[in-house]
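In structure tokens below, several structures.
Next, two complexes with chain A in common: one pairs it with chain B, the other with chain C.
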Partner chain A sequence: MLRNLLISLLLLSFVYIFYNLYVGFTPKTELDGIAAHYADKGAAEIGAANLVTAVVVTYRGFDTLGEVTILFLTASIIGFFLKLTEADENKVIIHRGTSELLVTSSNLLVPIIILFGIYVFMNGHLTPGGGFQGGAIIASAVALAILANPNMHINHQIILWVESISGVVFVLIGVLGILLAGGFLDNRVLPQGQFGTLLSAGAIPIIYSFIGLKVGAEISNILEKYQKSQKES
Partner chain B sequence: MEFFELGKISLLIGFGLIVLGFWGILSQKNIIKIILSFTIMETGVNILIVSLGYVKGKTAPIIDSAVEQGANHSVLGQVVDPVPQALVLTAIVIGFGTTALLLAYAMKLFKAKRTLQINNFNDLKW
Partner chain C sequence: MNNEIIYILIASFIGLLSFVLAALAIQSKKLSVAVIATGVVSLFSSILFLLMAAPDVAMTEASIGSGLTTLIYFYVLNKIKKYHA
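Now for the complex of A and B:
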């Protein structure tokens, strides 16, 4: 009883704070400060049609490096946490068969979903999308494949190599920015190209493609850990 | 200035989801439901941050034929704030990470006690 009272008291105080914030808030009528600079000069400086991508990959590229690191950290902690013993690792468990419908449709859909993921991260500088979204779409294809075939063997070595190489290339392009352009993760190491085409915005398509591969590999890695942990006794 | 203005509706939804998620975290007993409440609260915060970057009557910060472009593709005064959207991208990824970790912990807790009711995990209670 006392517990419920305290909970409702806390929630009511939250509602009170939020109500005051809500009433006092007026939406902006024009951009100011750094956002105005991004809207005004972003396209000329970076060459990306999608300004959010320009902010994510170049203006705040360091943030993105941190994000990728956090994902890597999550994958490694989960790998450490769900580690199987030797005996469990070699165990074979018989799953109940999945439905014909799921198996057939996943055979058809998995390649298409992966292709769509690749499209999303390659066009991250032109359309809504980018490395993280594309990587998540690729991982959703892996999740569908696992659902259709619970005993599926995911090659750990491939995931490991794709993840490491993409991470190293991402940082190397960043370091090239110090040597050839304005600073770490500057996209002007490559020519800007024609605005609005696939090969434009300097290094952004390359960086975002590698981020997409890295995120896809990392999420697939996490999915594989969860799949394997079914064997745990 | 009316209460239900277009630019403030998403703000209201964000606040509502935060309170709902907080209520779930405090009152639910099932660990999976607590994790779900965390994600609901997270979604609320994300909607809130995005709606803070809203500029009245402006469009998405993507330069194509839908927006009027000035010299050198300048779209000043045409688009909403791109910075909160970029920050929310970061927040979503981190939210994914924390949710994956929470689910791994939930699996381990279930393996330890064969239950997901939080009341049964009272080893640290005195």
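Now for the complex of A and C:
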């Protein structure tokens, strides 16, 4: 009784807070402060056609490094708590068998989805999307492959190396930014190039490609750990 | 003007559907139904993000929210069932 009363009280207070926010909200008619700077000078300073990428990779590049680190930590913590042993390697997953449709379509679709993921992170500075999206798309291709073949062997060593090298290169490019350009993760270590072409916006395509590889490898790593945890005999 | 009305109609329809599915996820007795319902809520919200002109967020939501999360939930569900049955 008291519990329900408290829950409804909490919900009512939420309603009150959000109602006040809704009533007091007046949309801005023009950008101000730092948003105006990004919108007006972003294209000239960074050279990226996709302004979101310019903000995520260069203006707020340090935050992106933090996000990638958090994802890495998540993968490590999952690996730590799942307690997989060497003996699990030789076991198999017992399942009811996958349908012919799923197997055939995944054989066709997995390479295409991986290609699309690579397209998304290589064109991160031109079209919507970028490293995180591309990496997530690659990982969903891995998920589809696992669904079609639950006992699929994922090479752990490749994932490990791709992930580590991408992380190191990301930080190295950032440090190069201190030495050659304005600061950590500045994209002007490379020439800006022609606005709107694939090789433009300085180091952004390279940084985003490595972020994409890193995110894809990390999420695939999580999937691989969960897949291994299902093995039993 | 006409386009705007159609846009609002589609958006509110999708929003309503995701409300229904979210309620289903909370209320359903079978956990597998609840997991699938949460996945579909993610899928609908990714369509909403696309309508709100945020295709990059929509991509992330569709692949992580509705794809990978559902798969991981099912892995965990499978593991739990082994201990309870």
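Here is the rule we use: the second predicted complex is superposed on the first by the 225 of 233 C-alpha atoms of A that agree within 3 Å, B and C clash if a C-alpha of one lies under 4 Å from a C-alpha of the other, contacts with A are read in each partner's own complex, and residues count from 1 in each chain.
FYI, a contact is a pair of C-beta atoms (placed from the backbone, for glycine too) under 8 Å apart; a residue touches a chain by one contact, two chains touch by 3 or more.
Everything numeric in this text was worked out from a predicted model, so none of it was measured.
Residue contacts after overlaying the shared chain place A:229 against chain B and chain C alike.
In the superposed model, A:192 lies in contact with neither chain B nor chain C. Counting the residues of chain A that each partner touches, chain B and chain C differ, and the larger count belongs to B. Of the two partner chains placed by the overlay, chain B and chain C both lie in contact with A:132. Once the two complexes are overlaid on the shared chain, A:67 sits against chain B while remaining clear of chain C.
Touch criterion met: A:147 reaches chain C, while chain B stays clear of it. In the superposed pair of complexes, A:52 makes contact with chain B and with chain C alike.
In the superposed model, A:120 makes contact with chain C only, not with chain B.
Overlap of the chain B and chain C interfaces on chain A: residues 52, 128, 130, 132, 136, 219, 222, 226, 229, 232.
Only residues 55-56, 59-60, 63-64, 67-68, 71-72, 75-76, 78-79, 82 of chain C touch chain A when the two sit together in their complex.
Only residues 52, 120, 128-130, 132-133, 136-137, 139-140, 143, 146-147, 219, 222-223, 226-227, 229-230, 232 of chain A touch chain C when the two sit together in their complex.
The touching residues of chain B, when paired with chain A in their complex, are 1, 3, 5, 7-8, 11-12, 15, 18-19, 22-23, 26-27, 53-56, 60-64, 72-83, 85-87, 89-90, 92-94, 96-98, 100-101, 103-105, 107-108, 111.
Per the touch definition, chain A reaches chain B in the complex via residues 4, 7, 10-11, 14-15, 18, 21-23, 25-31, 34-36, 38-44, 49-52, 54-56, 60, 63-64, 66-67, 70-71, 73-74, 77-78, 81-82, 126-128, 130, 132, 136, 195-196, 215, 219, 222, 225-226, 229, 232.
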